[in-house]
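Down below are the structures I want you to see.
Below are two complexes that have chain A in common, paired first with chain B and then with chain C.
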Partner chain A sequence: MSYQGKFRVWRGDDSGGALEDFTVEVNEGEVVLDIIHRLQATQAPDLAVRWNCKAGKCGSCSAEINGRPRLMCMTRMSVFEESETITVTPMRTFPIIRDLVTDVSFNYTKAREIPSFAPPKDLAPGEYRMQQVDVERSQEFRKCIECFLCQNTCHVVRDHEENKEAFSGPRFLMRVAELEMHPLDTADRVDQAQDEHGLGYCNITKCCSEVCPEHIHITDNALIPMKERVADRKYDPIVWLGNKLFRRP
Partner chain B sequence: MARAEIAARTLRTDRWWLPPLTTFVGLLLISIYAAFRTFQGDFYWVDQYHYLTPMYSPCLTEECIPAASHFGQWFPALPGFLTPPVIIIPFLLGFRITCYYYRKAYYRAAWASPPACAVAEPHSKYTGETRFPLIAQNLHRYFFYAASILLLINIYDAILAFGTGVGLGNIILLVNVGLLAAYTLSCHSCRHIAGGRLKHFSKHPVRYWMWTQISKLNNRHMLLAWTSLIFVCLTDLYVALVASGTISDLRFIN
Partner chain C sequence: MPELERHSFDVLVIGAGGAGLRAAIEAREHGMRTAVLCKSLFGKAHTVMAEGGIAAAMGNVNSSDNWQVHFRDTMRGGKFLNNWRMAELHAQEAPQRVWELETYGALFDRTKDGRISQRNFGGHEYPRLAHVGDRTGLELIRTLQQKIVSLQQEDHREFGDYEERLRVFQEFTVTDLVKDGDRIAGAFGYWRESGRFVLFEAPAVILATGGIGKSFKVTSNSWEYTGDGHALALRAGASLINMEFIQFHPTGMVWPPSVKGILVTESVRGDGGVLRNSDGKRFMFDYIPEVFKDKYADNEEEADRWYTDQANNRRPPELLPRDEVARAINSEVKAGRGSPHGGVFLDVSTRLPAEEIRRRLPSMHHQFKELADVDITAQPMEVGPTCHYVMGGVEVDPDTGSSSVAGLYAAGEVSGGMHGSNRLGGNSLSDLLVFGRRAGAGAAEYVRAMTDRPVVSEESVTEARATALKPFQQEGGENPYTLHMELQQSMNDLVGIIRRAGEMEEALQRLEKLKERAQSLTVEGHQQFNPGWHLALDLRNMLLVSECVAKAALLRTESRGGHTRDDHPSMDAEWRRKLLVCTASGDGAVVEEKPQIPIRSDLLDLFDRTELEKYLTAEELA
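Right, the complex of A and B next:
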């Protein structure tokens, strides 16, 4: 059940590059990463590709397959026609290192800009007590494998490099939401989300949710709830008055 | 370091342009129909069966047919081409325009920002919802409050119409308010107000229950947005056809 598949793989570095054509054997049950490995083993030994677990859990092999941001290890060859030419390119949003490997350090910079979990000062580690119902919302966001496909596909930075400074991207706005919804976090995350992480840039077109290999509802469960909290704080005089008069929930 | 040199706007091979095109055509057709009916200023009330189209409810100006003004005529007759719905349409339109689902729909379909995922947008600059006018999208909750009041009025109208018996029009009005209620309740602002804004669900079990139920509806917000929008138009069309005498209402009782 094997056949000779047609592939176009982007090869190059930051000084330039192009799509190169290859014909590679494809066997039943294989994924795109298997083909890239076979290509490396048989025709292009210097092809650069980042990978690790081959199980969709490490988030290393992010790339664009036929223009769609995906994990190579989770994209089955059986979803393509045998006659189809499959294009594999590196993630567009991040600087290229070589071939399919990009420099994703933008994401690490953004991660460091988020103040860490801030429990109440009088509570020592080991004394945290939380009810499951209070933490399960943020547990969904903990499924993130940091493949950065959402960061890559978000048009705010994908199509506008100049926004990278002001906008942290869906993965890190989701991290802010995770902390904001945490029952023991005491830091003020709402103003931060809008003023320092650029939540206002998000126009909720949901591409982050569409490409997430963990199927996290990034937009509905993290970004929109954060936008609503920002609206509470900044754009809703009734809530503002209510908070002045009554204790906040 | 620079990005990989790939000139193509997108390398997607699927028909990525189809969903935004369908959305654009759908919204355009509905807008044309709604504008036509708004400014037609006629065939909104069936006196015999007390059917009032949701597009004209509440009918608050002096040019309204008196029987159709269930809540009185608060405003004088409007000048020129203006008709009674222009008083309520801004609230209904505002609710839909600032809705988190419709924002996705028209940002993609009408403004191509982006047209589809991983397809480059044509604009050279992008500031999103950080400044005027799009920062006004944050007013969604106020439109939600207004739309909720109008929904209650629509429910009242639908129930009032049963006073003359039961016909197909009654069923249509009832399904219409059902879909409108489901769409309104599934709103992200409603979900937030009901319980989403809480940090400790365990301290507010009733609000947590409400949030859970609204979250289930919220999963289908897009579906409800489209079905309720299309059905409002169909409801209006049915009332218009009966009111103009083009068709007669199918009566089950009376």
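Right, the complex of A and C next:
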């Protein structure tokens, strides 16, 4: 049942580093994060890795496994051949702190730039009424566990440091869409999406949706509809006003 | 020695789960300059894992529900050992706290008439848990996180600085609290990233650090749950109560080994899932205890009717409080009627259409498919008990969250009393909000009323630094991972779900030895993001807290809630009147008895006398 697996793990810090080879025990049913933990416990006690729930719920253990952005806790060893060498590297889009840990503060900066939920002034707590069908869209986006794999993979910023200033990335454009589609949010978010958060940079290649561990349809359900609203607005402001005013009660 | 980074705040909140974030919001809204400190990234605290829901008697699904019914259920669930005042405040205020989340932007699942939907859960008389599918914790934490961001945006508009009055320090670990005489003066710790030390000066500190599950081998808890807050409180001179009560959730995954312990939400049973043994028998009917006979169905037909007609049928026994179900599973496995990997079967596939399962239990569906190759819409799951929640914690004043140390507050899982000997599902998330808010307000009032601020002495900083650096100073000592594994194994085997005096005595001897060995741990590498070092420091907390658990469990010679004694199998009304209180002494802990506060008479009147007779002594009933 168990075998000796071959791993190459990137080790180093902001001044540089290299892939290091390890041979390590692998048991039935394990995931990549288990192996990283075994390396810590037996061969490399100071190997830095960020993780938390180990159940795919917190989005901490993002990394690139054989070049593919994934959660280490949800990547089963059984998807690889026993003879295969598995390469684990940190997310490429964010600055390295150490080993597999990157500086993801970019994402927290972007989160702050998005104006928060604007509650209806005329409703007291407990008076909110919304239909299930109307909340489902935004609920899909609120499944996001903020693993930032979509931010990491998006080619607008992946190898283009210069775009980080103007572009919020799929996770936060989806947050704008979530608020825009919230049945009771009172703010106008369409122009913002385009002008402040860089929606125009996105050319819907769907890389973000492909790597999403929650299988959220980021492109189809959030980004494209937002782009459509922007386009509608450009040609017909009345459409927007109508959308906002004549919602289902 | 490098220059020490220093910050000064009015209120310091340690922990960014539901309790910590709600406390921080409250303190900030009371005008306090507030900081939140957390070991993980912001938004990833343990609360994110909560699945089933948040209990609040809003009465949206069954209008007979109200705070009195919720109060009664909570007291029953805790076998009447709960701090009644906490249970009262909790039941009264939970609905307001949930509704408030909607004003922060939360999107709960809805009823047909557009209100917040509520689901059934073990021990709750009516459908009471507000939820979002089975990812309620994520919704809770994200909503609070976004509320914090919105307060920061206010500050940005007003002062040009997002962090003027509310700042989050993430990936930061507190190792010691510092005091000025009898009062709290701040906290000391390190940045996980750089290993550099920081001193926070603050007259009020709120502990919201969650639980202790990482001292056990099989647990649903994450690495954060090393009992830091419990240990910080003890070392600062505060007391812990109810530490013998640990909740083993009946349904954790049992296979494959690497995911053993990961939680399977109780919603599976709330939504119709049933437990079966290897003979295919729904065994829970054999395990309905005397005190619950009038509330739980004794046959499958009635139990199944309950899902559609709750007024005329008793509840299915799968929905008994967690301690009962966990013990029953344990007995089935022991009797040789377990599943291939040492659990029992939990089946929802024959109970609901596949589409419905995917809609109501999406993350369970995902979790089993991805991690165990099991399709829960077609096959049963294998489940068994897992260490899940600690009822015990810092002894607090119910109204303000204040501990016995001036300036030290606690809320959430790190506090004790609210849940008595056993917590009902869904009552934690509501507890976080109700008492997080109260602790935030309590701390703010304390700071406002203060005339002179406490001062941190240089000696206490030097001492805290020396303690934290000790593992680097020693050579040839043991690896912290080895010690951690031994600790987990001992607690699991000897102070686990079923306890015996002899085994607990042995556990205490082992803990003594582990404590000695922990004195000479060695860590490699340097201070920058070094998990070996982090664990070495966490071990100090785990060992101290485990000692409290084992000592209290050995003293309590009865079985109640999350404390089951093989050698004292029954519940004893005399013991209900006693709390076991842990305090620090030297580098260990002492446990002493203290009388429980009697329940206020108007609250007692909410129960039938026949029910009270099952729990209270003749003297109390007279």
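Rule of thumb we're sticking to: the second predicted complex is superposed on the first by the 234 of 249 C-alpha atoms of A that agree within 3 Å, B and C clash if a C-alpha of one lies under 4 Å from a C-alpha of the other, contacts with A are read in each partner's own complex, and residues count from 1 in each chain.
One rule holds in what follows: a contact is a pair of C-beta atoms (placed from the backbone, for glycine too) under 8 Å apart; a residue touches a chain by one contact, two chains touch by 3 or more.
Every value quoted in this text rests on a predicted model; they were computed, and no experiment measured them.
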Sticking to the clash and touch definitions up top, decide whether chain B and chain C on chain A clash or fit.
fit
For A:196, select first, second, both or neither according to whether it touches chain B, chain C, the two together, or no partner.
neither
Three-chain overlay: angle at chain A's Cα centre between chain B and chain C, nearest 10 degrees, stands at 140
Touch test for A:234: chain B only (first), chain C only (second), both, or neither?
first
Would you check which partner chain A:25 touches, where first means chain B only, second means chain C only, and both and neither mean what they say?
neither
Looking at A:211 after the superposition, I want to know if it touches chain B, chain C, both of them or none. Which is it: first, second, both, neither?
first
Between chain B (first) and chain C (second), which, if any, makes contact with A:92: first, second, both or neither?
first
When the two complexes are superposed, chain B comes to within a least CA distance of chain C, in Å, of 11
Common interface residues of chain A - those touching chain B in one complex and chain C in the other:
97, 131
Touching residues of chain B toward chain A in the complex: what are they?
1-6, 10-14, 100, 103-104, 107-108, 113-114, 117-121, 123, 125-130, 134-135, 138-141, 188-189, 192, 196-204, 208, 218-219
For chain A, which residues count as touching chain B in their complex?
10, 12, 14, 16-19, 64, 66-69, 84, 87, 89-90, 92-97, 102-103, 131, 133-134, 153, 155-156, 158-161, 163, 181, 183, 198, 200-207, 210-211, 220, 224-225, 227-232, 234-236, 249
Could you please specify the touching residues of chain C with respect to chain A in the complex?
40-44, 46, 48-49, 58, 95-96, 99-100, 102-105, 107, 109-110, 113-115, 117, 132-133, 135, 137-139, 142, 146-147, 149-150, 152-153, 156, 162, 193, 222-224, 255-259, 262-263, 363, 366-367, 370-372, 479-481, 523-526, 528-533
What residues of chain A sit close enough to touch chain C in their complex?
13, 27-31, 34, 40-41, 45-60, 74, 76, 97-99, 101, 104, 108, 111-112, 115-117, 119, 125-126, 128-132, 135, 138-139, 142-143, 145-146, 179, 182, 185
